[in-house]
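Consider the two complexes below, in which chain A is the common component and chain B and chain C are the respective partners.
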Partner chain A sequence: MTGFVVRRVAAGAALALVISMLSYTLLSIPHIDVARQLLGQGAAQELVDAKNAALGLDRPALVQYLDWLAAAVRGDFGTSWFTSENVLRAIANRLPVTLSLMAGVTLVTALLSLLLGLWAGVRRGRVDRFVQILAVTGYALPGFLVTLVMVWLFAVELGWFPAIGYIGLEESFTGWLSTVTLPILALSVGSVAGVAQQVRGSVIDVLRQDYVRTLRARGLPPRRIILRHVLRNAAAPALSVLGMQFVGLLGGAVLVEQIFGLPGIGSMTVGYTTRGDIPIIMALVMISVIGVIVINLLVDILIGWLNPKARLR
Partner chain B sequence: MKWISGLVLGLIVLAVLLAPVISPAGPDVSSLRHAFEGPAPGHPLGFDSAGRDILARLLYGGQNTLGGALIALLVALALGIPSGLLAGYYGGWFDAAAGWLVNLVMALPAMVVLLASRAILGSTVWVLMVVLGFLIAPSFHRLVRGIVAGVRGELYVDAARVSGLSDARIIWRHVLIVVRAPIIIQIALVAGIAIGLQAGLEFLGIGSGDTPTWGAMLNEAFKNMQRDPVLMLWPGLALGLTSGALVLLAAGLRDTLEDPGSRPRTVTPAVPTAVTPAVTPAAPTAGPGERAALLSVRDLAVAYPSGEVVHNVGLDVHAGEILGLVGESGSGKTQTAFSILGILPETGRVSRGSITVDGTEIVGLPEKRHRELRGTVVAYIPQEPMSNLDPAFTVGSQLVEPMRVKLRLGRAQAVRKALDLLSLVEIRDPRRVFDSYPHEISGGMAQRVLIAGAMSCEPKLLIADEPTTALDVRVQAEVLGLLRRLQRDNGLGVLLVTHNLGVVADLCDRVAVMREGRIVETGTARQVLHTPRDPYTRMLLDAVLPLEVT
Partner chain C sequence: MKRTAAFLPLLALLAACSGTPSQPGAPAEKSLAIATMTLPQSLDPKDANGSALPFFQAVYDTLVKREPDGTFSPMLATGWTYDAAMTELKLTLRADVTFDDGSPFDAAAVKANMERFVKGGGAQAKTLNDVKTIEVVDATHVTLKLAQPNPALLYYLSDAAGLMANPADFAKGEQLKTQPGGTGPYELDQGQTVIGTKWVFKRTAKYWGTRLPYDTVSISYFDNETAIVNGIRTKQLNAALIQDADQQIAVEGAAGVKTVKQDFDFQGILLFDRAGMVTPRLKDPAVRQGLNHAIDRQTMLDKIRQGRGQITGQVFGPATKGYLPELDTFYGFDQAKARELIKEPFELKLPRIPAIVSDALAASLQTDLAAVGVKLVWEDVDAGSAIQKIFRDRAYSGMVMNMGQSPADWVVVGELVLPGAFNMFGYSDDTVKKLLPKIQAKGEQADLQALNRHLVEDGWFLPFYRMTYLHVSDGSVTITPQDGMAVPSIYNYAPAG
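Presenting the complex of A and B:
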């Protein structure tokens, strides 16, 4: 198991490294004249050159990248070229919002889709049809459209939740809950649809396995067989779907944060990427990519724990 | 379903293409005094917040939204399909490199990358759609690669290669055919996703200011949600209908194009509806009046929705006796065994007859009471050793669990007993096997573990369903010897389901021969093997006799 984790961490680190290299190269190629943008069109050439030198833009791209990498590894993502903010601090301020959103969605998705999928897979019939319809609907409708409809219904028409705004968890728990509930639910629709469908499918698969029949023949109660054996075997494929959906969830978070006016990483991405502010863009790309890699690593470890055969891979 | 969604899609595309014909007003003509006004002559859907005609914006916006998604789709297809074909067909370094690249792209959050590329490439939606095409190409690559790699090993592709066809021709003639249907389905799915992402980007305000798009219309509607929520209706409907129709179309196409045989197959072969003979065959089916105390089956019938598969079966197993239940596959042996255990598949049921196990009538017995008998009175040894152990749990925990539940043993006690059982079934290193996962032990070892599991709660009756069929010959002999010893030492009754007459000759005291769901002959092993009465038994014997039975 340790070897398996070490291999996965190494692969993830390599992936992050290559992506950082590619992103930096791509960002450097078109060479938007950042210094001139900063100083204004009329600025004297000497001033522009001086600014370029100050930002380190007069050096070859490779040197710039290595410089960035060396600092980034130490946890220093530099300062924004346009706002002079410390990049890491700007992100750290906004990360908790996005993280709590993600944690909420993961929790809601895991619980609801396990419940629905298990119920649909074991009982079939009407519940099954409901989960199928939910899955098709969830896939069929773009997430932000669902979000808009939910805002209109629950915030504008019914007035149950505030339509926009964010209250920090440290300020007031109920306030926080009232501002994140709708975003979390909106984001969960799609992922519950996908994961519940997968849980249903793998539960039906596992129930057909020979070992389930043998467990029944041993006289074990059905509840125990389902909760211990079926659930554990069905969880692995469902988890990998959850992991795959996480990438899409990040995109969804961008839209949802923007719609609800949540000060998270997503709305920061929308606001800060209009100009060629390399330190900020690099940090935002890297934090999302690392988020994806870490989640998939956790999923792999969890699958490895659930399914001993997977550890061999 | 797929016709409806196809029709809806067709109508939407047609309307969008015919925008100039349908809508007399231009998308950008605004008259502020009409802002937020409802339908008016010539403006069937009313006006938006800037007093522009909603229908016109909807139709012209559709051109931009659908056109953008189309670009992304074309780029994805152009990249994903050829690379998938090559990677799947040739494998090797190209496959490895492409696979790595695919993993890399799939770790990229599309929305973040698209927003970041805006900084370099500017706010031109068309260019961003090419980037989106790159980002969704992996889904086609993976799909095509997987199928092609599977097909590549097929005999007909080998045959084509041997007959001298060029690779290009083989790919064109034989391989592309196979991936066609899945690609069409995937296109519908990915198109839905691309439209959603594209509209999402437009909603965020990416794209050149005033260009009408569905996403931009939604954004405008969202800003005015408090004042006039109806604005959201039309662009929302257009977007929802389009991507909904695409997904439903994909689902419909999947049902039509892909294996129609994926419906759950019935476990048993279909049996012609049994016409009960006017006179019930007397002697051989329902044995002589006296019923055995341990297991007695009378007049048993098992039915599936497709028909009855076991008819009027009667058999007895006494304590300390091995009864062989013989017949070819599909003769109903296993169905009979499953009825005794109460583990028939969901759709099957005992439709008639009586089964007594250790004096308890189990036909009509509540499931909970029947469950109490399983494990402790009647136990099961399955056929396939590997598929009958739960791959997620160690051998030890699978042995311990029933003992803790059924015998209410403490943990330490159950572990000790499990180790004893493993030694009992002649496993040399019980501790190691106890800690192993099923995939870490051999098939013969797994079958011993399953026998240990069957013995764990001290049953009186064993139902063994082809317990040695999946094993190689040497291990078969060992396992049969083990079964014989366990049976003698514990005075067990055994119902041994088998098609192997050699096993019967070796092990069984008495034999019942089954054919097409009926028992055709019952007797002592010696009598049935040497002087068979039923022609079917004779046929079975003739098939193997010179080789195995002496």
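Presenting the complex of A and C:
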């Protein structure tokens, strides 16, 4: 297992390096005049040129990238060109918001989809059809519509939750819970629908296996068969989907963060990318890459733990 | 079904358990929560610009204060006088003002600030281009010597160019960008502020000037008006500016919400290419007049902005001396006349920035112009590349813009008539050349109105309408709009009485 983890971490580091290079190359294609955006349309060209020089944009892209890489390796990601904030501090301020959403959605998705999937897979018949309709509906509903309706109903009309803003966990647990509940529920609708279908399918497959029939023939209680044997084997594919959804949530969080006015890194990524704020974008890319690598590694380890046959040597 | 029905009470229970979040504006004990869609790039005065001004007004004072109606009153400067030639402006400064560290605000600080502002190369640095030298007479007197008269100078001194920071901070690298140091009514609360998201300003212990009504002012950044409207409706935000007509309608009907209307930006096509460099046909004033007759302004206003605004044919706003009410309707919608004036069909290529040109606006203009033989071709450009293509490459004959209507006539002239960003081909004509020196030296109303009338008659621009913006509050705040700014000054908020 240690060797596996070391190999995956090394592969991850190589991947991060390649992606950083590709990202910087794409960002360096001069389609955005950063200095002119900063100085305004009316700025004289010599001022724009001076600003470009001050930002280091007058140098070849390769030199800029190597400088960035050398600083990044030392943990220095610089300051935002557009807000002058320290990049790491800016991201550290926003990361807990998005992580709260991602963790919350993953938890809600894991619990609900497991329950719904198991219920449908084991009971079949009308229950199965009901869960399937529920899942298809949840999947088909546009995310923005679900979010807008939730804000309107539970925040604006009923006043149960705040409509906007985020309160840090360190500030107040109840405050944090109140600000993330609606966004988590809004994001969970689609993901529960997807994972529940996956769990249902896996449960049905496992229930058809010979060893389950054998266990039944040996007289093991149905509850024990489901919880100890079926669930364990059916969970692996669902876990893979859940892992992918967790990573994908970074993109999905953008809309929810915008509608709820949450200062997370989803909306930050969109805002700073359209402006061409390279220091911020590169740091966000690196964090995303590291996140993907870590999540995939964790999912592989968990799957190995659940199913010894899947363990890699 | 029963379980589904149980979902709502469950949510209610969760909400009750989680308690009420700390709402920035709700307790309202002398705190004000403002929402903005402007992201300031720094809090260093040299980077101050446009609608970011309230961020700066919280921590810095300006030399001259601009009142809500656009008139000027003393602030750090108690008085000012021009010489006869309008090339020397003498300022008398307050003697009792100190910066945060106790160092005095004086004439040397004014000189240091203004020189740094010009050298800093910020978006507004050009506003002091006419200032040749800054002469310190004594601690409380400073003289600005101008290369030529600049009728907008006092306006600029009430804006970004007049913001005064502590010169002691100039040597501290980039510190002012995130740790501002001025003489203003508030100081930035570093502990509560998350730059890029929310700036919190707390009252300065010893402020020399009039005490503002709020102990704490927070300005939160949002990238969409939906969240702002929801924040106002739930009283998490106290005040905001809403530009989108649909959002205005959404917020107007909400219980407790107070609104104040203001016409500020005009929307229209700025025709840069009056010399016909890119589209030769635009050289002919008759063609430009034909374009003005071809568009159905009132229908556009009704359909695109739900009638929220006022059609216009002029770029001078109602607060200027050059404004003439009859020019708002100078060009009636008359496609037969437009065809007569345009004569030959031609193609007009314009950049389309989605944030400014909506689908409805793009289609409406295409339809109206096609009816008079002009094929309007939209080229999609993103906000980043647009600036390069339009202003640097000069690839288009014009562009649709939302332009703020300054109350200062010379600001309008400087932005739209003099060679520069929005007159990038440097076009002028005999009438303009004759009027400009007179206006620059004396700024008389008759000359300004003559200039305005000429610009309209000659089809320099293709304005559609002035857009009505809505200042909204959750009911706890009275907002006074600021002439010449879409967003109110920080001084223009007061508890609702």
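Methods note: the second predicted complex is superposed on the first by the 284 of 313 C-alpha atoms of A that agree within 3 Å, B and C clash if a C-alpha of one lies under 4 Å from a C-alpha of the other, contacts with A are read in each partner's own complex, and residues count from 1 in each chain.
The rule is simple: contacts are C-beta pairs under 8 Å (C-beta built on N, C-alpha and C of every residue); 3 or more make two chains touch, one makes a residue touch a chain.
What you are looking at is a predicted structure, and each value in this text was computed from that prediction instead of being measured.
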If you stack the two complexes on chain A, which partner ends up touching A:263: first (chain B), second (chain C), both, or neither?
second
Per the contact definition in the header, classify A:179: touching chain B only (first), chain C only (second), both, or neither.
second
After superposition on the shared chain, which partner residues are touched by A:285: those of chain B (first), chain C (second), both, or neither?
first
Going by the contact rule set out at the top, does A:90 touch chain B (first), chain C (second), both, or neither?
second
Under the stated touch criterion, which partner chain does A:306 make contact with: chain B (first), chain C (second), both, or neither?
first
Which of chain B and chain C A:141 touches, first, second, both or neither
first
Once the structures are superposed on A, label A:193 by its partner contacts, choosing first (chain B), second (chain C), both or neither.
neither
Pick one for A:44: touches chain B only (first), chain C only (second), both, or neither.
second
Quick check on the superposed pair: does A:250 touch chain B, chain C, both, or neither? Answer first, second, both or neither.
first
Overlap of the chain B and chain C footprints on chain A, listed as residue numbers
30, 32, 148, 151, 156, 163, 258-259, 270, 274-276
List the residues on chain B that touch chain A in their complex, please.
103-104, 106-113, 115-121, 189, 192, 195-197, 199-200, 203-204, 218, 221-222, 225-226, 229, 232, 236, 239-240, 243-244, 246-248, 251, 264, 341, 343, 371-376, 379-380, 382, 384, 387-393, 401-402, 405-406, 437, 439, 450, 453, 457
Report the residues of chain A in contact with chain C in the complex, numbered from low to high.
30-33, 36-45, 47, 50-51, 79-85, 90, 93-94, 148, 151, 154-156, 158-165, 167, 171-172, 174-175, 177-179, 181, 258-261, 263, 267-268, 270-271, 274-276
Complex contacts: residues of chain A adjacent to chain B:
15, 18-19, 23, 26-27, 29-30, 32, 136-137, 139-145, 148-149, 151-152, 156-157, 163, 208-211, 213-221, 224, 228-229, 232-233, 244, 247-248, 250-252, 254-255, 258-259, 269-270, 273-277, 281, 284-285, 288-289, 292-293, 296, 306-309
As the complex stands, chain C meets chain A at residues 11-12, 14-24, 39-42, 44, 49, 121-126, 174, 177-178, 194-198, 220, 222-224, 226-228, 230-231, 233-234, 236-237, 382-385, 387-388, 390-392, 415, 420-422
